[in-house]
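Each chain carries a letter (A, B, C and D) given by its place in the written order, and its residues are counted from 1.
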Amino acid sequence: MAGFDKVVASYAEAMAGLTDNMTVIAGGFGLCGIPENLISEIERKGTKGLTLVSNNCGVDDFGLGVLLPNRQIKKIIASYVGENAEFERQMMAGELEVELTPQGTLAEKMRAGGAGIPAFFTATGVGTPVADGKEVRSFNGRDYILEEAIVGDFAIIKAWKADRYGNLVFRKTARNFNPLAATAGKITVVEVEEIVEVGELDPDQIHTPGIYVNRVIQGSFEKRIEQRTTRPADPLIAKGA
Amino acid sequence: MALSREQIAQRVAQELKDGYYVNLGIGIPPLVANFIPDDIEVMLQSENGLLGMGQFPTEDEIDADLINAGKQTVTMAAGASIFDSAESFAMIRGGHVDLTVLGAFEVDVNGNIASYMIPGKLIKGMGGAMDLVAGADNIIVTMTHASKHGVSKLLSNCTLPLTGKGCIKKVLTDLAFIEIRDGKFHLLERAPGVSVEEIIKLTDGELVVSGEIAEMKL
Amino acid sequence: MALSREQIAQRVAQELKDGYYVNLGIGIPPLVANFIPDDIEVMLQSENGLLGMGQFPTEDEIDADLINAGKQTVTMAAGASIFDSAESFAMIRGGHVDLTVLGAFEVDVNGNIASYMIPGKLIKGMGGAMDLVAGADNIIVTMTHASKHGVSKLLSNCTLPLTGKGCIKKVLTDLAFIEIRDGKFHLLERAPGVSVEEIIKLTDGELVVSGEIAEMKL
Amino acid sequence: MAGFDKVVASYAEAMAGLTDNMTVIAGGFGLCGIPENLISEIERKGTKGLTLVSNNCGVDDFGLGVLLPNRQIKKIIASYVGENAEFERQMMAGELEVELTPQGTLAEKMRAGGAGIPAFFTATGVGTPVADGKEVRSFNGRDYILEEAIVGDFAIIKAWKADRYGNLVFRKTARNFNPLAATAGKITVVEVEEIVEVGELDPDQIHTPGIYVNRVIQGSFEKRIEQRTTRPADPLIAKGA
């Protein structure tokens, strides 16, 4: 009896079934809350022709950027890209298709995909290149465009804690797109820092119920920081002191 | 003299009101946080999922899981809350943020804004900017009035791909505080020591100068 | 003999599979929970915002803040989670629930279901039923095969306002287990002691009887 | 300096500004998680001609049902009603307008109202009376209907805990429609069991950020139970023992 035990033992098992030309939705904002090791496993597998849906595309040697050198990504749907040289080279050379999508629309498209909402109207992007080819309709005197949902063959997620049932808790701003992406994958794979006993997570404080999760694996994470901004440690310098 | 980046932020901060929820974009806008008047409270929203952004962390406080929309390490203020990206943009798109401050390449007399793309040159994407300009009723654009070569950024019609259409009403440049209304720029204030003539010269779109134009108080 | 309510629930329970997330409506469906086979695990979703519904509370455990969609006091099973109504229906509408069991007044050969309204008589509303039938791929309708007066509830065309169109594939009545396919009812199993003729007589819509029809095993 | 302090001292203050013919969105499912005292305050004020948006309409002498005897409700948008005699009488007599809305659609309409989404497509209700007069459109071979968002002049909410900034935490299934309703009110009023110090609620575990909340009041609650179902206390009778 497997029941609801979703824990898998290896990254190979976690990403089993991923094949060329699939669509993969990834959680994370910049390098914060990204499924580092699931991305590495895709790199290792060498799966090609992928359509990636993610707010960003990592940097040259970390995050989704590691899938660029071997041309594993065919298309990326993102709100902010180009933090790395290889990305820009491939995009400018027309080797990589980029569909720029406003951040809020991207988040809503993932949520809609998971929630059985095939399309919704938003004012975001009206009158801009984002509206090209999209229906415009007026509600209460204001124009909105119709945006369609996104569903992925796989969703790859980074959470803080999970139980074996796949209930998830995220930590601070590493939450970002992860709960949305988790709902929108036909197969949702989650890597976490810690797997806890079933019953240990307070039901009122679970961010993603296990019903959305197919596989859980425990990993260890580099958590690279993009902009290390600090203030002096001396409390006397803090405002108001 | 033209305002410094800090002075622009300082003038923007005068537009803050007690109890405002504010989203500050990247570039000049984050500097506004340094000039919040002592007698008011403001909460900063960061669109990656944080309401109640605090100051930068000390070395000891750095947490890779806690960044702002500019991907900088930050802290949380008392009363902060964390949420996912859909909730964050529900706040923004739903008009719950009281003031948005963001930069731009160009604005025009119809309130259009171009801020995210220079075809062939800069194609990094709009991030949350399109949602922010579409969702907020109260937006202040901060930018330099003209390029280094004296080319105005306040135009009759934006030349670059738009970030938003008809959504900008206030622009604070290094030279002037300008309101957009009835398809025209309206000069509200000028930077200390900057003449009305200078501003007229560097404003491409129609500029209405009505009566005496006061200098900004900083 | 016609199945009792408990026996209907018992037969439905045989359709459960290990690891299924299941939504049980009101009436007969909740009884299914009493017949979950010991060798499988099932999680019950209650559309008011609970995944992992447990058994009824003891007097001491009663908590007014913890009810199911039938407004009954319940408990939580281990691994339960709580969420708001939008999230709950995101699960349902998004097709994440593996099996939905609910009652009906009528079903027809095209998979239409009427379950929420009898014009002029019963107008309480559809609650979550319309979302459940539209969102689930795998639905079992439980109902009596005919009214007390012998009027069939398995029709060529539903006569009451629809809850959902073309979404029902399986019906378990007190007399038979029926599949809906190609615009016809197909008799899969009959209740112990109930003859095929009886079922044919009480089925208004076209019923396909192919080969020997086995009795249900309970 | 009021800052973000949203606590008000009286129910009169909590519901100040509510006038005849306004739209009020209420949280709660059945009698669970309903803003009992805010409803009583509306009864006391005698505000009339209200359009109420709520999953249910209470019972004869509790919940939104108390607004029926004095005919304060003009219209109700709900998924399941008629748990009380006066409601049925007014509905049948045509004195009360009832717009039956599927529960999931109702929840999504509130969320959309709060999130600046004016309309969305859903398969719920296709081919039923709910679809009457609504646009039907096919996406990926399936029909969906267009549903519009709901915004309220007021939203009345019951939460478990709040801090003075209006950050909210809900308890168990008393959460239900409350977080959604909270986003969709032009003025959102919340009554809670406990007001805690700012900073006491874990930022990762706040269900409703204070940005959606205008007023907070501490109340005491009857929490009436509709269906008191129990099992025997003897653990030997429990399954498997």
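We take it that contacts are C-beta pairs under 8 Å (C-beta built on N, C-alpha and C of every residue); 3 or more make two chains touch, one makes a residue touch a chain.
These numbers were taken from a predicted model, which means no experiment stands behind them.
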| item | value |
| --- | --- |
| Centroid-based (C-alpha) most distant chain relative to subunit D | B |
| Gap in Å, rounded to a whole number, between the CA centres of subunit D and subunit A | 32 |
| Geometric centre distance via CA averages, subunit B-subunit A, whole Å | 28 |
| Distance between the centres, which are taken as Cα means, of subunit D and subunit B, whole angstrom | 36 |
| Interface hub residues of subunit B, defined as touching at least two other chains | 76, 82-83, 86, 89, 92-93, 135 |
| Residues of subunit A whose C-beta touches two or more other chains | 108, 111, 115-117, 122-123, 170-172, 175, 203-204 |
| Which pairs of chains touch, using the document's own definition | A-B, A-C, A-D, B-D, C-D |
| In the complex with subunit D, residue positions of subunit B that touch it | 18-19, 21, 39-41, 43, 45, 51-52, 76, 78-83, 86-87, 89-97, 135 |
| Subunit A-facing residues of subunit B, complex | 38, 46-50, 55-60, 62-68, 70-74, 76, 82-86, 88-89, 92-93, 112, 117, 123-131, 134-135, 161-166 |
| For the subunit D and subunit A complex, residues of the former touching the latter | 108, 112, 115-123, 137, 139-140, 142, 144, 148, 169-172, 175, 203-205 |
| In the complex with subunit B, residue positions of subunit A that touch it | 29-33, 55, 78-83, 91, 98, 100, 102-108, 110-111, 122-130, 160, 170-180, 207, 223-233, 238-240 |
| Subunit A - residues contacting subunit C, complex | 1-4, 111, 113-117, 163-165, 167, 183, 198-199, 201, 203-204, 206, 209-212 |
